[in-house]
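One chain, chain A, links the two complexes that follow: it is found with chain B in the first and with chain C in the second.
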Partner chain A sequence: MKLVFKCSVASSLLATVAAVALASCSQAERVAKAPAASKVASVQVADYQGTVARVRRMTPEQYHNTVAYIFGSDIDVGSPFAPLRRTDGLLASGAASVGVTTGELQQLQRSASSIASQVIDKGSLDQHTPSRRDFLIPCKPVDETAPDDVCATKFVKEIGRLLYRRPLADARVAEFVAGAHKGAADLKNFYTGLAGVVEGMLLDPKVLMIADLTEQDPAHPGKLRLDAYSLASRLAFFLWDAAPDDQLIKDAEKGLLFTAKGRAQVVDRMLASPRIEQGTRAFFDDMFGFEDFGNLAKDASVYPMMTGATIKDAREQTLRTVVDHLLTRGDDYRALYTTRKTFMSPTLATVYQIPTKPGWVPYEFPADSPRIGLLTQISYLSLHAHPARSSPTYRGKALRERLLCQKVPLPPANVDFSILENPNPLLKTARQRLEAHRANPVCAGCHKITDPMGLALENFDGAGRFRASEKGADIDASGSLDGKEFHDVIGLGQAMHDHPQLTSCLVRRVYSYATGGPLTSTDDKAITALNAAFGQSGYRYKALLRMIATSDAFYEIVEPTTDSKTGEKKAAALSSDSAAVSK
Partner chain B sequence: MKNLVQKTAFAAVVMGGFGLTAGTTAMADEAAPGLQNRTIGYVLTSANWGLYQTPDGKQECPDGFNEGPREQFKALYPNLGTVDGTQLERESASRYPLDKEDKFPYHDVKGKIGIGLNLDGKVGENDFTSTDGEKGIDNNLYRAIGCTRLFRAPDGTYANFTDLWVREMNFHRVLVELTNVDSLTNDPQVDVTIYRGKDKLMTDATGANIMPGGSNRVDYRFGKNFISHMKGKIENGVLTTEAADVHWPWAVFLGRPGAYDFKGARFKLALTGEKAQGLMGGYSDINTWYMQLVRSWSTHHSSYGGLSQPSFYRALHRLADGYPDADGKMTGISSVLNIKMVQIFIEHEGQKVAEAEKAQAPARH
Partner chain C sequence: MKDITRRRVLRGVVDGSKVAVALPFLNVFLNGNGNALADGAALPVRFGTWAWGLGMNEKIFVPKTKGANWELPEEIESLKGVKQHINLYTRFNGFRDAAPNLCHKTGWVNSRAGMAPMNQTDYPGETIDITIAKKIAGPTRFSVLTTTATGNIRDSFSYENANSMSIADYSPLLFYTKLFGEDFQDPNAKEFKPNPRVMVRKSVLSGIMDSAKDLQGHVGSEDKQRLDQYFTGLRELERQFDQQLTKPEPRAACVVGKASKDEPQAGLDYTLVGKRHQMMTDLLVMAITCDQSRVFNMAYSQSAAATSKPGYDKPHHTASHEEPVDFDLGYQPQVSWFIRRSMESWAYFVDAFAKQKEGDGHLIDNVLIYATTDQSLARIHSIDNQPMFTAGRAGGKIKTGLHLDGGGSPGTRLGLTAMKVFGLDVSSWGTQSNGTNKEIGEIIA
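Up next, the complex of A and B:
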């Protein structure tokens, strides 16, 4: 029997999108559908449950990437989405608990209309725009001023399959063709009729929302699994941060995703694709909280070298380092925090105070350099600092929350920042000022959590530039991290490398990202098993991606738990690994 | 005396603060990193011909400012006439200034204070005295252009544009590299090399300044004619060099390449790890100087700036004061550039290729 999400079916596209509330979608009724594929073999990590089914909104990047794949990267999408709320460490997880507001719908409609116009654009020599219709529409109408149902059908089937991430039912195709026919007849233009169809598709909840549609799992009677197309979508958004490509949909059609061998083949193809870089960048950009670069500004009188280009390059440098380290070299994830290899641009070189060449070039900091690992890159140091000074507290907090999946309590409402904001001039270094601030026991609790490792980064100012002293006083960069003491930032890098939660945090984040929402208690076994397997792989990121993507848990679906009081179905509480760090 | 001090202060302001006193900037408190491996590089970010200006110009130009093409045209052709008999005839005079007699008066600078260096090592009767009291300053170019509005800051288009082009046009990306440097404060012997770079400059977050700490590659191929070597010394943070002939790149409108030729050029620069600023003086080849002007400054600029090119040609030859030719005619005019530079890492990419090409050159002929 076919699985249907009630909320995803709508006669009025606009009204429905506005009304979609994903919490209710997750409770949609399901009906079984006969399996389209044969038995799924177990993979390396066994004995754990699947995940809950979700409906999530495409992230802005996923929408951009999808439109770029289908219609070309030169299509201007605009910025139709409202920002997501970071949930359990990831923006992507926030997409599983967000609706579409009326205002956002207006933006989406404008964007969809613009995209549709660009798709059917006949081009202009004067404006130097290409004739996209000639290569995006697979046929030419007999008469451009009249409907052509044959050509429209071909276009609708081809584009609809990619946008909806599954073949369209004949009845749905007929609806779209009828719409195109009417538009072409009314407006006396075949292409304008098609534009209306494209616009409507782009606004369809089934396109904007990634719904986990399920079916009975014949290999495990009584259990549910994702249907083939939902599994294809989950794979594609996980590994490529975009909708499935044509080949992946074909693989789903052929049932390849429901055999262990077939799924391994598919995953290996995806991991070998250049698009894995796009997916990896998206994940780490999210995990590192790099959306904050959009609001990052430094005081130009204090840090004149921090231009807009510097800030942009700082983000890019870290992402290039990650991609090179994890994908190109296939190195140990932990070594990202001790590596001296990176890439350099001219604007960044002015902050690092080193010579370089034009463009991006590979660069390795010398062995005696204080630059070691991601924590000493300008991205981390400048993002977690004040506009005109460093911040050991911000840096320590980010280290714990972003990289170790720990939680640092919020400061109390009545905290007195005066010692930091109007410091005693005799307190020359951040360490001295923070020591004075911690004299207040209300403040001391949290700062003991964040400052010991943040102070190890004090040899770098708020722009990430090296300094040996602050206001004439030598900087003491010693510190500690969860019982491990060190004298300088080199020691901090090694402490991070050796910290057990560094890798377990990555596993949690990747699994959460892969499965489209915050972790629940049903994921505990999977996380435990993946932690062990990740270690056995030598902490190779691609191996982790493969383990998750080929695992049974990735496609098996468990029912949400039921609230005993309200009867409402919901995900179980977060597992214990994310508990607040002890003071 | 008080008056002199006030005017001196004003002059420093109008010249954009081109003093030898190294200023400080609101930087983060990291140490300046410029000197590495006994080497430090600087890139030119500002250059202006050294003119000492008072607010109304009456001290240095008591006879007023020079008249330009409009005034001269009106005097020459009060009844107008044919195009070829008036406009074309006058325009050709810029290229062939000696074809016609020029009877117009030309106002030289008459003041006693001037910016520059003592290029000939003497204190002559006509030499200027610097704003800090140094006598024997040689700067006859100032005498020639100081009373022409085109060259006076801040409104003269020549003064304005040429400084802008230093930053904007890659062609005159002047790099100065100091090697064998033990200290930027005191070092009795350092080597100084001028190169032409080939990369853009980066402005800082204010958008107003060029950032120190950038990198720039030496142009060993098309810029090898601009490479010059000097010996120098650093005393109390000020670099002075021995004299050398320098071919100084300077592109003009629309990026057209050009250059000035200096004989006996030398630097006097205040150095820090982040910047260098001061003077580069020498005897400018007068023909090169004139052609650089004529080929790039159209009549409308000259008109607004009060520059008559034929009259200026004569002044340039009259005031030339160095490097006589075989007939005893002076070919160079003492001059000075106010320059500002910021620290930069100089990349010697392509040096080996250039050396290899040089080594193979005889075999090709």
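Up next, the complex of A and C:
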């Protein structure tokens, strides 16, 4: 039995809470029942170098997911983190260089204080709130108004192990218990004493920062590897976007992660867990730049149907489509850009102008519909548009940068764009206005990179509604993408499907995400090998995850060195006498 | 009639979003002259910043005359009510040297950090608010308060270093909770009881600091620096706990109302931005009055402002590039419309400090607020002649009501002047051509 974390069966006290966290398990359960990745592909990355060791700050989602797993999803975490800077295409990669400011630490302290108070909450019958202390604290004190070191020790060991992602040293346990003792004595309340300890743990950089700690690799003398707990953390944050669960820490304790067979067994369990959906959602939410939904608003006088609920559902629709396509069905990643299968909610149905049923339901656009693939979903169309009109340029730029890992140059600083809104009434469509704009050779350089594929989406307005014309003029949705010509959005979807950089971009992003930072030249060989292996797997996403997570490159560590001439970071294996110390 | 205390009356009056209430001066809190605290300590002087995006239309923004006798051109006519509290600085320049002109970035980084960034991912080092906070934050709860009216946590112009942006408070309700929630100590409370939970927090914190030091021993040099910063943050937290365990100085005008339940919805419609700006400003003014912080930042918009107007299909930034210049007016009318809304909010901001009583004067007498933008003419991303404002008299050290003409000299002169006013031991500020050792002497009182 590989699954230890189920929607309906809990194997431990803390897992019970975690199971509660997965309130909407229907899709997660389907994911868990999908074919195991090990059966999809057993491709191994043979040619590789290890990765660099990093210290990264937890992302807000990782912190939230970790707290939810340990203490329950109903714990209010707040928004204590400073935003990350998108680095090499991912916010998560920005976590490898971001610092923690004084102001942010103050926010984190307030959040930690609030979480600790919720953990020891005794509940209220009047307010129908549960007594969290009864199920989160594994024992009861002899006297609630006094210290109880035995019970505190049990709690500190259990919670500390999960928060620190490794067992706490006895001396550290003793420190925390002494803190709980003092707090309980001063405040005359055992639980308030424990809250002080939880608050302190949540502020510890060993909790908030994910540090890759290393040790000598006995199988490869002179080389380093992640220590077992750091490897467990890397796996868990990669696949689940959360800290390791109890079983994974046990697997690390047993040394299971240092044998190919053991690691494959562990990874297969993780891929089979419903929590893989959480990790997949987090990755694609990041890669697609969906954090921008947090501040997206449309002009209500132009798009009255685009309410806050519509925008929220648009994001959810795409993530549901991705999870269903890649995890539940195990389909080819490329087909995400040609599939007509999705999910529908009543608020979205208004914009799509179709009938639907209450709640989220599976939906398939008819074969003659212009809705094909992710690019024609409201999320993409509305996110990359102006508040009151479409933007072929934004859409084309996002397609290249987000999905193909290409770089679109910034516009020159001193260019005058006003011709775009030329008052000439003959320029009715965006294509006509942009053509006039491209008459300026300074503008043409960038716009020929973004517009030909962005214009293929002009049959959808700034909210994502279908339209055949603009200001009375028929819309010409023809275009091209890197040498492939097409006459409508169906052709664009197929061009995306066939574009070689669509899959190589995913590989780059997933590998970055997996290893916790932007790619370096250290990763070149692994990326090349993974591109080939991903193709052999039929571009199955789960297979890609498995290849990376079970590869030796994933846990072997090299140290980057800087080329004195170019400044480029290169990798070199560390000699044994320069090894970092694991703890 | 039951006894109605002064505080009870005030609490009754203060409800909803308006929390700043002018109070009668209570001599007990101040010295005989009303210009210092009762213990003889001077009223603190605070530093703040205010940011708006996309500059100005010079023709209708820059006054015709210099000095004290200047008329407000139409784009800034909303400043009429606060003109006596502000200075306007024009024809001060930011310099790029070998750096490219990075749209909507070079300009504000010049003003806030005295340097021209080399690329879009080259973020400023320490910004001026952080530099001054290190000198004056003193015993307050928050070394810096950073807020935005956009509702977006990312809209901050404050950096501790290139990898560490100051987090922006973006929600009035969350900001209220942060300022005046359970950890707030009313400085005017009759009794002071140290919170025992704070004592517990402090005792646990020392172990966390040890843990940070231990982790530093296992990471590379770049990560060590990041952990150094973390450690500094923990020390600051410890100082805050100490401050919470100390009886605060009374602040007569500190009266905190209830939290408003009228949280503006997400969005950048100018009415939403304006409302958010008002609510955040009111909270900020009361936080400063209650001496919760002595350094503060407010961003009315991001640099490439995306403020929108119902029925007009282009947000401010888009309009700045796509709206034709009106042949008769000589400027882009819709763009000017957006700038005028920004200036109305700037007027509100200054007025909020001007109305707030403090001692025998007003809070505006004891602040210096530095207002900057990212471009001069946004249509062509010009960074020459970016306008700047200050507001407040910095405890009597700064003259107000002036229009200053920089004659093309570095805009960093104003930042340098501010640093000197706050007693920083600096002889110059800025890098390369932005470097200056010349203050703006005309504004020194």
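Quick note on the criterion: the second predicted complex is superposed on the first by the 515 of 583 C-alpha atoms of A that agree within 3 Å, B and C clash if a C-alpha of one lies under 4 Å from a C-alpha of the other, contacts with A are read in each partner's own complex, and residues count from 1 in each chain.
Everything that follows uses one rule, which is that contacts are C-beta pairs under 8 Å (C-beta built on N, C-alpha and C of every residue); 3 or more make two chains touch, one makes a residue touch a chain.
Everything numeric here is computed off the predicted structure, so don't read it as measured data.
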item	value
First, second, both or neither for A:346, with chain B first and chain C second	first
Of chain B and chain C, the chain that contacts the larger number of chain A residues	C
Which of chain B and chain C A:211 touches, first, second, both or neither	second
Which superposed partner A:138 touches (first chain B, second chain C, both, neither)	neither
Touching partner for A:300 - first (chain B), second (chain C), both, neither	both
Touching partner for A:356 - first (chain B), second (chain C), both, neither	first
Which of chain B and chain C A:410 touches, first, second, both or neither	second
Partner chain in contact with A:468 - chain B first, chain C second, else both or neither	first
Touched partner set for A:193, first chain B, second chain C, both or neither	second
Contact residues common to both interfaces of chain A (with chain B and with chain C)	300-302, 308
Chain A-touching residues of chain B, taken from the complex the two chains share	25-31, 33, 199, 202-206, 209, 211-215, 217, 345-347, 349
Interfacial residue positions of chain C with respect to chain A in the complex	100-103, 120-121, 123, 142-144, 146, 150-154, 160-161, 163-167, 174, 178, 181, 183, 196-197, 199-201, 203-205, 207-208, 211-212, 214-215, 217-220, 223, 225-227, 229-230, 232-234, 236-237, 240, 265-269, 306, 308, 310-315, 318, 321-325, 332, 379-382
Residues of chain A defined as touching chain B within the complex	298, 300-310, 346-347, 349-351, 353-358, 461-463, 465-471
Complex contacts: residues of chain A adjacent to chain C	53-55, 78-79, 81-83, 85, 87, 97-107, 109-110, 113, 172, 175-176, 179, 182-183, 186-187, 192-193, 196-197, 199-200, 203-206, 209, 211, 213, 294-297, 299-302, 308, 386-389, 410-411, 413-418, 420-423, 580-583
